[in-house]
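There are two complexes below, and they share chain A, which is joined by chain B in the first and by chain C in the second.
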Partner chain A sequence: MQQAGVAGIAARGAPVSFRGVRKTYGAAVALNDFNLEIAAGEFLTLLGPSGSGKTTALNVLAGFIDPSGGDIAIGATSIARLPTEKRNIGMVFQNYSLFPHLSVIDNVAFPLRIRKMPKAQALQKAHDALRLVRLDDFAGRMPHQLSGGQRQRVAFARAIVFEPSVLLMDEPLGALDLKLREAMQLEIKQFHRQIGCTVLYVTHDQGEALTMSDRIVVMNHGAIVQVDAPQAMYDRPSCRFVAEFVGLNNILPATAGAGVVTVGGTGITFAAPPGGRVASVALRPEVLRRAQGGDVSFAATVVDGVFFGDVVRYTARIGAEGPSVTFAEHRGGALAPLEPGAAVTLGFSADKAVLLPD
Partner chain B sequence: MSRKVARTILLLAPGLILIGFLFLFPLFGVLKLSLFNPGFTTASFEKLVASPVALLVMERTFILALTVTVLSVVTGYPIAYYLATSSPRWRTILVYLILLPFWTSILIRTYTWMVVLGREGLVNSVLQWTGLIDGPTQLLFTGLAVHLAMVQILMPIVIITCYSTMIEIDEGLIRAARTLGATPGQAFAKVFLPLSLPGVATGAAMCFILSLGFYITPALLGGRRNVMLSNLIDFEVHQTLNWSFASVLALVLLAATLVALGLFRLVAPRRRDQG
Partner chain C sequence: MRMSPARLALTVYFVIGVIFLIFPLIMLVPLSFGESQFLQFPPQKLSWKWYAEFFNDDSWLRATLLSLRVGIGATIISLVVGTLAAVALVRGQFVGRGLLMSLMVAPLILPTVILALALYILFLRWRWVDNALALTAAHAVIALPYVILVVSTALKGFDITIERAARILGAGPVRAFVSVTLPYLMPSLFAGGLLAFFASFDELIVTMFVSGGLETLPVRIWNDLKLRLDPTVAAVACMLIVVSVAGMGLAEYFRQRNLRRYHNS
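Up next, the complex of A and B:
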């Protein structure tokens, strides 16, 4: 899957497959029967809380950790027994890991010089990579003379200059402030489109995962919980863990029987197609709407409103003694702002409610 | 501003007074001794240039200091590397093991080497017992003895300075080098080694300067063939009572030390921020 590279950097993305990869430390299981197929050129994100095994999976692919079992392949070749330097993997680290004794251009040329590329050609190519990240003017600087965002872009240039088939990114934006992080998300996405290599991205930031990924793998306790495209992951979480971890959600206890779901402690009922076990129901804040309702509506009392700039997020109690839910409203709409204590009628369409088995 | 200046002067005063009375003042006396006898004369400096013994001793002292420094760095660096890459618990024990002899008096350690290297000493006994040699071989009062003991005495300095630089090196940099295609050897040569050089330079400089002024060890282990500059100064002070010449030799030693220090500062790579 080769794409035309801007500025002369183009990598042939390769598929990656994890087959039954395990990693145990004594009795502790860091990674349990990890199976994953990543398509060539795909941007795939491993998302999970710390200790979920996402970094272990990344380090196994990079060759920093020997798996206790299973196999990993890039393309058709098993790489489980190859040392890191033979795997042709680019990697971007959270703390940049630029070589402090080398200038920016020498940092970027490092992987090329290690591969015995002639100096002039290596420098040319390093300049191409720096042009891609728009840091060509900083070639002669030392890493400590750059800002955090610039260092991360140099680290990115260095990781892709040798056109690796797979690029690993380990929380690369974790050390940056929010504004810069959002700008870098878009940039990385754009670089990925230009270069075309396969990206395995690790983050605990669900917003980042939703923004950047082709597919997201949610992990917990060393195992995969759900694999889906961002929108599907957001709209149809498969379990309570994903529903709570990805985006904001109102999770209410619920029971189902004879095609009707009853939300506990509220008296709310709605029709639902019969399916598996139902223990709770997830309602996104934006699914709950004031006044206009949907096919299900209920009365609530506003407890609090939090101002977020573009939206106001309200907390409301269902009925007199029921559970609380949050719902968001854009400002500047036709509706007047709500004060704490105000009675309000909220509604949602039944097909937007997600039924969860746990 | 003036408060700050007063504060600085107050804090530095004890040190400055100490150095003034115990170092600069005597040093001035030494300088005076070397040039006035009692009127101004450069006779002692002329004697230095004309004395084959003094020149030989100076040359020997510099070569010894250089050799000891190189040997200490070559043997100390791998030990420091091992320390820096071992587990924290094991590391603490090892650092103590290295510092323990360092805290022991140089005199005692030198005597220990006499016990080890003497005619009836450990090395000779073992060599004779294994049948490698027939009679005791001369180990004490040789250049070898001086080198061995000085390296053993000074190596901890090199180890500790190298080690303190090495533990500052981010392990992630080595990992990064590996992902960029470097073998473990290349990662060491192109990343770890250059980043550890400031520690090597500091350790080597300290080792070299201390070696230049070594007195007890060459005196006790070197015999007559291994007289060093410090021993010669002692000889001129106590035996020939030529204090003027002794002062000239002392100034040479001081000048050499300052030049060595300056050279190391010039050549030594500066410490850089970890990026």
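Up next, the complex of A and C:
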């Protein structure tokens, strides 16, 4: 970890609140009664499919879109009426949006020069920011001479060099290849810890959201579906949409009555504490395994096995005519690999099954 | 290397096409270096005489100077007005945008004689005939469509998030436009300005209608041809060709540089 050169850049995060923010385009609702409190210094991710309203929420906070109603505040100050340039927000865009006619150092110094910081001091500070992203040696280059990952790091340096209390990131890793994306996720997380500003991160990549966030907000059709920490979101999705969108899941129709859940078309039953409505049950692939003592178990036939390197992901049919489920097994375990057509007894621990209302 | 018949035919066709286009221009070169009083081809002896003639003749120099002044003035006016118009036409959302665009580009399509006549009638009424400033304004009308077309095309291809980035980093709308969008538009402004300048510089019809006694370079050439035919005209033409080619080369250089910067991602 590179702590030495970072002394120059440190921002105190500020809380952000959306209060009943709405955005409509004629009859189309892009954002509907959006309420969200983001804590100071929090890394919060808006996650959702395209058209879910996550980018609209981000653009409203940035000031690129005027909300149709509601209020937004940074700290105790409402910023709904402030023009973009007065909001003091850093932002990293998906396509980097570096200024192509300026060198790397001039790009990073831009927000400081706009704020009328003397040139020498601005350059000093810009070098600090570049050192943070380990691109100090590239200060004199032009953006088109950099790789995608380097451009994104420059964009990041430029967004935090003026120590904004809030940093917005709009699918910043969307244009990078998988390996680089994973490396950058860790780097961004590390930068965030070092700088301390509040981060609002937008992505449609659930893996990215799980890796990086303090909390995740899942959105759909312009509204918030669930707000939770990554692990809680993964383990306890509140509805079918979240269960399907975040991670892989087997969703099976189910009914509940008198403390017993019955999985439709399979004959599987298990005890569950009485609660609200139950329409389906979600079983993660890693929750399903070859049956052990104490498991809810059922007979299945392997249909297919897909090799993923560290794991093999199998598809199996429950009973003769039942629904299919997928489950994963680590290679190198005690169990022999399964061939298609093999009969297998699968099981899961009842408390790992997630009951869904829809 | 052997060429297929089709390729050979295309090459021959290409060469003939190019010769057809530039042969008249090439003809001018030996004419301008001739010794004789008359436009004689091929020239008997070579000399710089007619080039010297141009620089020694006050009326040629005055005409050139007037053309430069009017051309530069028209270029500046059309660049400023045209760029602002292009921003409004590309980014604005108002009723009649398409109509306005057509109106502003109309001088390009309208027969020049009609525009010249209209301007002449107007200028007569306002007593603007024989006025260099009025001539500049008239030329700006002719030059404007070039700037609007070139700049609005470039603006449509501009990634607005770059300007948004400048805004969120602290620049107001005007500052963001000047510091981020304008540099992107630079090659287009140069190309548009070049087209605008030459649209004015070689304008003859409108100028003859509204200039009164003012003699721009094309008018001077025209008058010269009517009175006597002397190779100074050819020398002037050759110098203009060199200047035009240099301008186009420079425009292409800026365009290439921009391509590298903005489309290399």
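Just so it is clear, the second predicted complex is superposed on the first by the 349 of 358 C-alpha atoms of A that agree within 3 Å, B and C clash if a C-alpha of one lies under 4 Å from a C-alpha of the other, contacts with A are read in each partner's own complex, and residues count from 1 in each chain.
Here is the rule we go by: contacts are C-beta pairs under 8 Å (C-beta built on N, C-alpha and C of every residue); 3 or more make two chains touch, one makes a residue touch a chain.
Note that the coordinates shown come from a computational prediction; the quantities given were computed from them, not determined experimentally.
Once the two complexes are overlaid through chain A, chain B and chain C clash, as defined at the top of the document. Judged by the touch definition given at the top, the superposed model places A:119 against neither chain B nor chain C. By the touch criterion defined above, A:193 reaches neither chain B nor chain C. Of the two partner chains, both chain B and chain C are touched by A:142. Once the two complexes are laid over each other on the shared chain, residue contacts for A:162 go to chain B and to chain C alike. When both complexes are overlaid on chain A, the residue A:277 reaches neither chain B nor chain C.
Counting contacts by the rule stated earlier, residues 62-64, 83-85, 87-91, 93, 95-101, 110-111, 114-115, 142-144, 151, 158-159, 162, 168 of chain A appear in both its interface with chain B and its interface with chain C. Touching chain A in their complex are the following residues of chain C: 159, 161-162, 164-173, 175-176, 179-180, 183-184, 260-262, 264-265.
Within the complex formed with chain C, the chain A residues making contact are 62-64, 83-85, 87-91, 93, 95-101, 110-111, 114-115, 142-144, 148, 151, 158-159, 162, 168. Within the complex, the chain B residues that touch chain A are 170, 172-173, 175-183, 186, 190-191, 194-195, 269, 272-275. Residues 62-64, 83-85, 87-91, 93, 95-101, 110-111, 114-115, 142-144, 146, 151, 158-159, 162, 168 of chain A are the ones touching chain B in the complex.
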